[in-house]
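Read through the structure below, which is laid out as structure tokens, and then see the notes.
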């Protein structure tokens, strides 16, 4: 397979912002990035802007310490871009990251109930969903990942998993491609809503077994593009109109 | 009553895909089929495509082993078409099938709380809603009904009922017509949401009695077309515009 | 105040159908009627049609036994029009009736938790919300109010209240005007959703006291038109477009 | 920073009405006001009108006893404008107020479960969210803040906090700017919904600590405008038509 060209990747990064707003994962906050396809020590992220407003001209290149590279002087940068830089540093397999306040996921960050995979569509949760407690790294803070040290702590909590929750804040989701990161962000939100409902029924819950999760994840590798294609079509129509 | 002509049936099959997306039963996944009106050993199902994109040109004919008949070479086929073939084989009375991940229904597949009819609109649930546990047939799997043997097991679990849940996956709904299959899929989702809410109130729930369900189902035979007509009107407008 | 003319009342009856669909009280089922302004032994109700499709030409006049008066031969009539006839007969103060399957209200008809007023906007619930158990009148039935005897039983259960629930079916709401009937139908649905949420918190609920309810209802007499005006504006725009 | 001019402030007040409807905080009821930027003993509030209909011509100036100043004869005034006058009198730091029946917040006014901050976006709740019990001031009432004495009681309950609930009625939210008042109203609604869901999971909830809340509130001072800009853009497009 030919390596996707940079302009095509950047288009998909812009589209990813729209899709995540459309699907209720992002509101005016949160962000999505990709690792630079040619320079693995760089990543691409919109400047400090509401996701629904991001265009190709707003995409900034950062190094893994999250210093902007050749960004226009007047650009403001996300206070929490260190999430991205430090996870790209820690996880060579990761090429796209979503940070959001995805609403239905918030409850699982502030209780002792772990988020777990209810069905095959969210099988990427089966490796485990750790919760990052910022108090352990920063004491009483403003809750933000506002420097490289905190980014590194979060990356450590994430470990080799696909999703980590941030207590009293939101979550971070990683994948090999921006299409898969978006897919995982959408179905993390769906699974959270369904798990809240299932818990309200009471009694034991029959979650996916680890082996089922592993096998179902391979299916998602093939089928996630079907959702992406629909979502992208809608987003492109909005961006034209 | 004159037998409905094939083109009219295929139009309704295409419309059914749209309606199920509009009503929140399908997202980019799931599928709906009809038995061929003239060849009872054949069924019609869209090729592997998101439901919102299906047109008449995407409808493929399959035999009951789910082999495609004269399909274009480049068409991909749903991995789970065996659901359809094996249920049509086992149930001569069934002429339409919906397979979905209908969200509010998922909780009832992973707990010990059976889905039951709360009101006359979902009276078709009163015969019973069995849960298919794929582990009993396939051990630790990728959760998919990806061959005829699994399709047959699912058909056995369904038995003579109208709806069966698939643990950690979704559900399957059958009917005599595509209009009724769509109606049942929509009100299965509604009933599931209402049952989740009712259960959260606590205490005993006064479900429809079996005899009430049986009688109310006869009413639905007459009135389900009123909903279909509205849904179809909306879908056709979307498909034009 | 001049008596409202019949054409203006019929326009509002048509609009009421649309508003109740827009606000999620009705789907393709349910109906709304008014007492004839000049002939108190007659009422006006759409023919058997999905509410979103009702126009002025579909409005039929019925006597209080629910016989249609001069209706076109080809018109079908609602099986449950007896709800309307018998309540108008029993309640001289009632000039508008809504029958719906309003979703969030269903749980309160099938459990022992009465629907009660959480706040001033639903203060019309404070007189009490009885539940009609059709089994007591009809044994094992198809759940429908399909004749005058059942309509009379339902009217008896309603008594002097503004709202009655129908177990395993829906509810009926009465008022002095169609505007107020629509207002009550919308806020019955809202109150039900809020009460479900409140109950899920656990512990005692501080409902409106009867005297608070009585006083707050007088406020609604004045302010309900503010909501109606907005809803009507939206509905008229839809009907044009 | 230059003081914002009156016309710009009034435009934002009109926009605030729209935004609060779009975000589900207001329906046909509730209101938002600003303190007059040049005359601190005056405030600006729409006349008695559904929020979605308010234009610049509907904005009325009131003194702190809530007497209208030079309002056209035919204007009706909100029965509850005393909420605004008395809070502006009691709280020199407050320059904008929202009163709403924000739906998900209602449960927390009628149970013993206090509304508390689940995450940084609602950190403005950490000072505390008192509940105003109108029975203590007015006995059995129609629930409305319909005079200056009741407005004063409500202002006393609010104290130095940002949000107060009104039992069986709604809530009141204050801020230094109309943009921040709108932001707080939206995220009070979101936090309430998330807290209802979290409570349904059972077990202890790890709310923001007071110190975390204080620090996170400073972040919101900077970032709330990002949401406002998006919301205002949408509202202005709607108002153009």
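Worth a mention:
By written order: A, B, C and D. Residues from 1 in each chain.
Everything that follows uses one rule, which is that a contact is a pair of C-beta atoms (placed from the backbone, for glycine too) under 8 Å apart; a residue touches a chain by one contact, two chains touch by 3 or more.
Values in this document were obtained by computation on a predicted structure and should not be read as measured data.
Common neighbours of subunit B and subunit C: there are none. Residues touching across the subunit A and subunit D pair largely diverge in numbering: under half of the numbers involved belong to both copies. A straight line joining the Cα centres of subunit A and subunit D is 33 Å long. Averaging Cα coordinates per chain places subunit B and subunit D 46 Å apart. Shared contact sites, meaning residues of subunit C that touch two or more other chains, fall at 200.
Because contacts link each chain to exactly two others and close back on themselves, their graph is best described as a ring.
Chains touching one another, given as pairs, are A-B, A-D, B-C, C-D.
Residues 27-29, 48-50, 52-53, 79, 101, 103-104, 106-113, 140-144, 167-170, 196, 199-200 of subunit B touch subunit A in their complex.
Residues of subunit C touching subunit D in their complex: 118-121, 123, 190, 193-194, 197-198, 200-209, 211-212, 215-216, 218-219, 223, 226-227, 229-231.
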